[in-house]
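Every chain is named by a letter (A, B, C, D and E) in the order it is written, and numbering of its residues begins at 1.
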Amino acid sequence: MLYFGDLLPYSDVFFGGLITTVELTVLTTFLGIALGTLCAVLRQYGGATPRRIVASYVELIRNTPFIVQLFFIFFGLPAIGVMLTPWQASVIALTINLGAYSTEIIRAGLGSIPKGQVEAAKVLGMTFRQTLTRVIFVPAFEKIYPALTSQCIIVMLGSAVISQISVEELTYAANLVQSRNFRAFESYLVTALLYLGLAMMMRYVFKLIGKRLFSFRESS
Amino acid sequence: MIEFSNYDIIRNLIFAAQWTVLLSLVAFIGGTLVALALTALRLTRNSILQKLVAVYIELFQGTPLLMQMFLCFFGVSLLGYEISAWSAAILALTLFTSAFLVEIWRGCIDTLPKGQWEASRCLGMSFLQILRHIILPQALRVAIAPTVGFSVQVVKGTALASVIGFVELTKAGTMLNNATFEPFKVFAMVAVIYFLLCYPLSLSSKILEKKFNVSR
Amino acid sequence: MSLVNLHQVHKYYGDFHVLKGIDLDVKAGEVVSIIGKSGSGKSTLLRCVNGLEEYQKGGITLDGKEVTSEDIQVRRLALSVGMIFQSFNLFPHLTVGENIMLAPTIVLNKTKAEAKTIAEEMLEKVGLGDKFDRYPEKLSGGQQQRVAIARALAMSPKVLLCDEITSALDPELVGDVLKVLEQLAAEGMTLILVTHEMNFARDVGDRVVFMHEGKVWEEGNSKKLLSEPETEELRQFIGAVL
Amino acid sequence: MSLVNLHQVHKYYGDFHVLKGIDLDVKAGEVVSIIGKSGSGKSTLLRCVNGLEEYQKGGITLDGKEVTSEDIQVRRLALSVGMIFQSFNLFPHLTVGENIMLAPTIVLNKTKAEAKTIAEEMLEKVGLGDKFDRYPEKLSGGQQQRVAIARALAMSPKVLLCDEITSALDPELVGDVLKVLEQLAAEGMTLILVTHEMNFARDVGDRVVFMHEGKVWEEGNSKKLLSEPETEELRQFIGAVL
Amino acid sequence: DVLQDIQDRKEIRIAVPQDFPPFGSVGPDLKPQGIDVDMANYIADQLDVDLKIVPVTSANRIPYLQTKKVDLVISSLGKNPEREKAIDFTTPYAPFFLGVFGENSVDVTKMTDLAGKTVGVTRGSVEDLELEKYAPKSLNVRRFEDNNTTLTAYLTGQVKLIATGNLVATEIAKRQPQRAPETKFLLKDSPCYIGLAEGEAALQSKINGIISTALENGTLNDISMKWLKAPLPKGFGA
């Protein structure tokens, strides 16, 4: 009943999709964490207005489905004159999504830094920006690194949805292949396993990066 | 030919939102039941069972919910059973929900000091008695806020049932968009309805968290 | 007749040899204090006696019956051995009364009413008769520890094990707890206590056991041992503590 | 000539009047100990001097220039005022050396090499020349506190503020830290320290300031003040501490 | 034997589109209507069983059949060799021409003009496969999940060209005159067939019989008049 042989001729399609998913993930992980960091800093240390804006952004994104956000960006925005390619729309949607979740996570990290650390930097004459980058960020990220890793993986898995707007990533590949050889279950099974592999790989890569970033924990 | 008024759009969306709510409820209840069973397996000190639960979690947390939907939808039929988009969506969401809830609850149980287990054992209670009288009542308090928080993910997850053809809120949105060609308006309305469904849950999760943290 | 007997008990954590052949004999009604440096294996010893840890060689008997760490065994044991911990381990979601009543009802199958009578009696004994409906977190550390004692007593154990039960307490609260122990000793309860309270060991205890590096290094009559230690190790230890 | 001068400084937290008109004058090279009960406003006083807290009335000058709590001002101040905290506040992700080098490089724009020379010199001074590449968490509390001192010294401050810098340390580690302070005092560093170490205040300090209820209640020569307190409050305080 | 099952069950399950006017689209009550729906009703009537409408998308209509979720697919299904390997077909019941349509501004008149252009198409449709086979390699084919999405992509201007059926193009013109697509060229004459699972000879001949009766007694022509405002082409079904 199950027959995977029909998938072989399409290995290029799967591979192409895999590459696109990886590219998108890497790009949006960076952009999303950067956005989240910025928003978290505003939320933690900013004035009342930026804080409220960031809070609304976070709540809005966290309480609506990603697919609706994606459709809104891709199909809705042209109505007000913003035309984006599928790729652009997906990068933006994924970044905004990860940005919102990572804002909350990173903010918890910033909050975990003892007030004394900030004061110590202050009495040494450092500016706020220097304090942030030199004193606060590394320990703050260390605290929340596992949560951030999980969130990035969740966003990667969520990217399956962007096949809906014709971005040729991994799920698109699965859909395309099953529309050609009518082996739906086999295509999706293989694809699911590829995603699983990606997720495990991401966790591994994050761990390696974490080891480097937070090397101060185990050395000497 | 056919004209859709705003009222028609909203009426249809709200009608479809009922399916979203129902799907969320059933999936959440299903997920809770499965997660309870898995949590129990995990608490037994049998390492094989614990490994199985770990694999289960890895599988359903490590693959996209969309794939799980596809696989439930097409896979179960391959086994020779009929399955509707509705049942497939419920099945996939249940698996997905339970995998996350088991993890969340494990965290909650782990926050209880080991001394609680030991003191109970020294008073002669059996494993099940300890669970029922000591661990569960305490873990429940801790677990309630993150569990409610996770329910938001379930509601949002139901949006993916649109892809396997189940007409819930998102699917109704794309259909109406096609019939009316007002994507900005339609998708904004869809988003607002989801927000109205999810935000109260997020909010109550936050309130519950505060409440239980204060009283500790 | 001996109530608790340890014979050449060896215990390992992985490769680490914690107990290196312990011999100990405690008679009914005796009060035995175990002292020794941190890490010398005092807690481990107690935990082997009530089955919380398994041991690898030797034998432990309680009232003549062998002790092992199988689950069913621990529960049978719990009927004769009470244990009180440094961190009181009260159940925070139950009131003081419920804490004490729980095990008698679900383990000994007593009725609610019987359990309540026992609980009230035990609370009275530890001087907290008026705290029945409080939640543990509303009590001071010393009060919590006395509730833990009452909870253990409610199972009418033959012997009570106490593991540094005063060391998490503020100094001014220690006295109340020790008074309860003293009273129990006077009533003839068998007590085995790990403690740093040398005065208590000397004045209330019958016997002191000094543990060092996983062995019973020296033991004997409390007053004699503490005033005239035989080994250099015990002398040093007493010097450091006093 | 006075290095630090406080004139009728008043400070409120909301409605709560913490400092009620403080006058204080510290000359270059002086060692001033501030003592007083918990809550009397000692920390608040120090924090006003280096601009971490703003005050509402009166004036503080440092080297003749006025001190306020504006951000830019605090940073300028930081160039002349060093501060050491009770909880050492070392940066956990930087090695000891990096902790000390950070501010000189990014605030004073020194080169890496210059900063390194300074850091090594300062570490030598606090007796930790061999710990350059360690991470703080691998050091004992006393060592960490000495690193914190070295870190402050690396900015070559004119005055060093110390807020109970030994009270989080195990007793056996206090001595090392005090020795470093003593040496600094001998080298002519101006020190203002909040402390409970009466012996240190008496033997090393020039002057003791006793704070009580937000006021300078009594002040004067260390030896004289501590042996012949004039007010009942100071007498009580000394009685309680010694 | 599916035919037997249908008769035992007193119900036939037919897959129809809901996003593909005039074959099947939804009205304000979100219920499907159109040629395919009328056809499904007609067949159910002729078999004298109840009808259960199952809305599907272009991408999943064949899996639905394969996994026996439906008995028939009446979903503007075109015939091609790949599909014939997977399922069986009846005789055609409606005319359909596939073509490339698009904005006036795009200058395309034949297949080779597509080089370097972008065309939106519904994944797994006949037009998708036609383009894949005959279009220049440099054509950028943008595949969407269902016709809904393909149409939305054209209407919102995300793609300037789409490959689809002539009737779909007409429908767009009716709904959104300002975005009315112009016919660029025809891809294929691809009449619509009813699909059924492989090896169901009894069902196949039964349905074929119903279709030829409908052709003879004018029912098919009536349906065509109702939805396409035109009679069946001469020689249809011959």
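In this section, a contact is a pair of C-beta atoms (placed from the backbone, for glycine too) under 8 Å apart; a residue touches a chain by one contact, two chains touch by 3 or more.
Everything numeric here is computed off the predicted structure, so don't read it as measured data.
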Chains touching both chain B and chain C: none
By number of C-beta contact pairs, the top two chains: A-B
Chain centre separation (chain B, chain D; CA means) in Å: 55
Inter-centroid spacing, chain E versus chain A (mean Cα positions, whole Å): 39
Interchain centroid distance [CA atoms averaged], chain D/chain E, Å: 84
Sequence positions of chain A contacting 2 or more other chains: 75, 78-79, 164, 184
Multi-chain contact sites of chain B, meaning residues that touch two or more partners: 74, 78, 163, 174, 177, 183
Interface hub residues of chain E, defined as touching at least two other chains: 60, 63, 67, 145, 149, 152, 156
Pairs of chains found to touch, sorted by chain label: A-B, A-D, A-E, B-C, B-E
Touch list for chain D against partner chain A, complex: 50, 52, 71, 74-76, 78-79, 81-83, 85, 87, 89-95, 102-103, 106-108, 133-135, 138, 148, 151-152, 155
Chain D contact footprint on chain A (complex, rising order): 114, 116-117, 119-128, 130, 134-135, 138-139, 142, 214, 216, 219-220
Of chain A, residues touching chain B in the complex: 1-2, 59-60, 62-69, 71-72, 75-80, 153, 157-161, 164, 171, 174, 184-185, 188-189, 191-193, 195-196, 199-200
Touch list for chain E against partner chain A, complex: 59-60, 62-63, 66-67, 82, 86, 120, 123-124, 128-129, 142-145, 149, 152-153, 156-158
Complex contact set, residues of chain B against chain A: 58-59, 61-68, 70-71, 74-75, 78, 152, 156-160, 162-163, 170, 173-174, 177, 182-185, 187-188, 190-191, 194-195, 198-199, 202
